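Each of the next two complexes has chain A plus one other chain: chain B in the first, chain C in the second.
Let's turn to the complex of A and B:
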């Protein structure tokens, strides 16, 4: 009896093999098993036989959209910076997507980072990815040597212990509050689409923080980023962060100092989050990549919530809709502006 | 470390004023001899759309007690739509700063046209009053320890 993920793995390998065999794509971007349990690494299959190494399970926490522009670029013939691209169609790339990754690709298409024609998108409905830090915590941070995944439970083995864990208990927080598990754009689908999810309190975690008073919020923010070591893993894991020179690397002017001074760290997190405003799809790659367990997704999720409240916009759902910060409406709310409606009035 | 000094403590407020409306408005306030507190330090920018959150945070980091950003009234932008983009950006940014615990009155936004000298003075007074009520900014100020010799 195969589990859901095993069936998907078999399908992925078949699809990738066929596409590479037919020459429809020159590379296929997916996942392969990492060297330690509960870690999957992004993998580019360039030959038919590589397709056998592709795999799928609940630990595919990174976002494949992040690697797609690089893989596409690697297939173009080398050229100088100002040289126009060669004529004729360029090689295509096959890629696996779940809901959030496909929405990131929609954002990338809007921002001219990838071309839709060059991507063959294979959609999978996400069942939620597992947070390995949660699993670790459940076994008191003992070393885990093997994890066997079944449909609804994980069997975790280590030196001298075996534990059965309910899968949903260790699913990442962003997956638990996800309402768009199905891909938005795709050419083919593997498995069944779920048709969307209902979540009772989608922004419950944000609401909790909003309900605190201002000093408590500041306290919370300070504590949340206290352990940050400024490794920029959150930035590097993010498919939205593709600037050739990031603001943290700017030296003239230097917006953010490079130390782990608390103000520098705070500015880094504020600006990083704000750069994702109206673009972040809450894929959770930043949090999964963080070695210190900082929940920086709460910052971007707050901006997500505000974009929805103020402009009725959810990133990546419609391909022909402009991003919220690149457009405006005359009647946009402006109740935060001082002296509302006092134009020309005598004081 | 200077603590909140007695009554005559004056906050330092960095004001980003757009060249075409608000800066001219401030100019008019001066020309018309309207009184307003000396707490405002003006930075002239081409448009309120030029002001990025980086600049606001940089002001706060460098020890500004408050920030004021002002541009043309919606519809009056010299560049047609710069202030509309700015309006969206700052709506999100202000809410975000409040979310992480920065007092709402630290960072202020307003529209002032070139003919509104008196309004400028009024806004300057009001913002100064608000920031005074909060006291000196501490939260995002980068404290550099004096090097010991």
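Let's turn to the complex of A and C:
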């Protein structure tokens, strides 16, 4: 008996092998197994035989869209900074996408980071990826040496223990509250699509924070980022962060202090979150990448919620819709700029 | 001087004794579940579970940040922008429960920092009481890179953990002095027996009789530099600072001035060869402008440049980068790939 993920793995290899063989794509972006339990490694298959190393399971927590621009660029003939691209079509890349990754690709297309024609998109409906920190906590942070995945449970082994864990109990928070597990753009699909999900309290975690009073909330925020080491794994794992020089790195001028001063770290997190407003798809790659267990995704999710409430907008769902913060509509809420009585309304 | 002993039940008193003259730091369970360095105020703070702390001991030797100088930046101040040395805190620290890998990193880092007064000052200020490992994690590989679970490199005192007691082994001169004043007892015959039979469950070596520092020094730098495998190692890398910041033997830094309300400080803070700005020249040219060049540098520095210059490999096999790299880039695989060249 094959598990769902094993079946998907077989399909992925087949699709990738065919695409590479036919020369339809020059590289295929997927995942391969890592060397420690519960960590998967993004992988670029460049030769047909590489396809056999592709793999799929519940630990594919990083967002493959993040790798696309660089992989695409690596296939272009080298040229000078201002030289135009050569005539004719450029080599293509095949890529696996789940719901959120595909939505990030929509954002990338809208922001001119990738071209739709150059990607062959293979969609997979996500069953929710697993948070390895949650698994770790369930075994009292003892070392885990092996994890065997079945469809609905994980068998977790360490020195002197074996535990069975219900898979859904350890699925990432963002996946648990996700209503768009199906890819929004794709050329082919592997496995079944889900048709969407219903989630009772989609923004329950944010509501909880909003319900705190100001002091409490500030306290919560400061504690959440207390152990941040400014490694920027969160930023670098995010497909939205593609500025050649990030404001935190720049030293001419120095916008933000570079060490782990509390104010500087807070500034980094607040600004990063705002830069993602109306673009973040809540894919959770940032949170999964963080070595210190910081839940910075809650900051971006708050802005996700705001964007939905203010502009009725969710990022990456439609390819022909402008991004809310790069466009202006007369009916946009303006209470934060205009005083009462200035809106041209009758008093 | 002979090793001395302490019953585990007396650890509390021992800590109190020690805290009269020193601030004590050691592994402490953090809210988020992992072990990390923290101030030890009492027995309940200290957690000596197997394995290394999340961040390494380097924060005590290469603090994030190190204030190099202070200055006034007030307009009208005639002494403005004149650098002065910051004041040194006079209380010394004791670092407890430092694993042999971390302790060895202090020894290795002091090679390039031999003439650095700040680093050497920190060595002066921090007394290292190591803790030998009984069990290892699956990511430990100290035995590949010149270390071992009972190595004393970088320690002032080494500690064996026996059934009911700790055995303190003096390593350095000042370790000996410290031990003398702590009123520990002599070790019993039974403990002597246990000590003799003390076996740590050491990680397996890479393969029988191979000294990788020697192997790598025989290899041509250019062959390694131009090797085929770099592209595949690089592909998944995020160029984040996780590996370098958690690594005890990554010691690169940058320097900046920071001014707040007229008070300035010149700080030395952690930098990472994985960051694009690391090698950016004032001219705008960047010799490591691409990801593959940055990734290659991290490994080449540890496995080739450093040993060529100083002898040992600049990695202590703590496995932090292996555990916490978000994309499972594994230095052990790179070491194997090096051997194949």
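Just so it is clear, the second predicted complex is superposed on the first by the 337 of 347 C-alpha atoms of A that agree within 3 Å, B and C clash if a C-alpha of one lies under 4 Å from a C-alpha of the other, contacts with A are read in each partner's own complex, and residues count from 1 in each chain.
The rule is short, and it goes like this: a contact is a pair of C-beta atoms (placed from the backbone, for glycine too) under 8 Å apart; a residue touches a chain by one contact, two chains touch by 3 or more.
Not measured: the values here are computed from a predicted model.
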| item | value |
| --- | --- |
| Combined model on chain A: chain C and chain B, fit or clash | fit |
| Touching partner for A:60 - first (chain B), second (chain C), both, neither | neither |
| Which superposed partner A:105 touches (first chain B, second chain C, both, neither) | neither |
| Partner chain in contact with A:143 - chain B first, chain C second, else both or neither | second |
| Partner chain in contact with A:129 - chain B first, chain C second, else both or neither | neither |
| Which of chain B and chain C A:276 touches, first, second, both or neither | neither |
| Computed vertex angle (chain A) for partners chain B and chain C, CA, steps of 10° | 90 |
| Contacts of A:257 with chain B and chain C, given as first, second, both or neither | both |
| Touching partner for A:42 - first (chain B), second (chain C), both, neither | second |
| Shortest CA-CA distance between chain B and chain C [superposed frame, angstrom] | 5 |
| Interface residues of chain A shared between complexes with chain B and chain C | 257 |
| In the complex with chain A, residue positions of chain C that touch it | 30, 32-34, 36, 50-51, 54-55, 64-65, 135, 137-139, 232, 235-236, 238-242, 245-246, 254, 256, 258, 267, 269-270, 272, 275-277, 291, 322-330, 332-333 |
| Sites on chain A touched by chain B in the complex | 209-210, 214-221, 247, 253, 255, 257, 261, 263-264, 266-267, 270-271, 273-274, 277-278, 299, 302-303, 306-307, 310-311, 324-326, 328-330, 332-334, 336-339, 342-344, 346-347 |
| Contact footprint of chain A on chain B as seen in their complex | 53-54, 57-58, 61, 73-75, 81, 84-85, 87-103, 108-111, 113, 116, 118-119, 122-123, 126-127, 139-143 |
| Complex contact set, residues of chain A against chain C | 34-36, 39-44, 62, 66-67, 70-71, 133, 136-137, 141, 143, 145, 159, 227, 229-233, 235-237, 244-245, 249-251, 254, 257-260, 288-289, 291-293 |
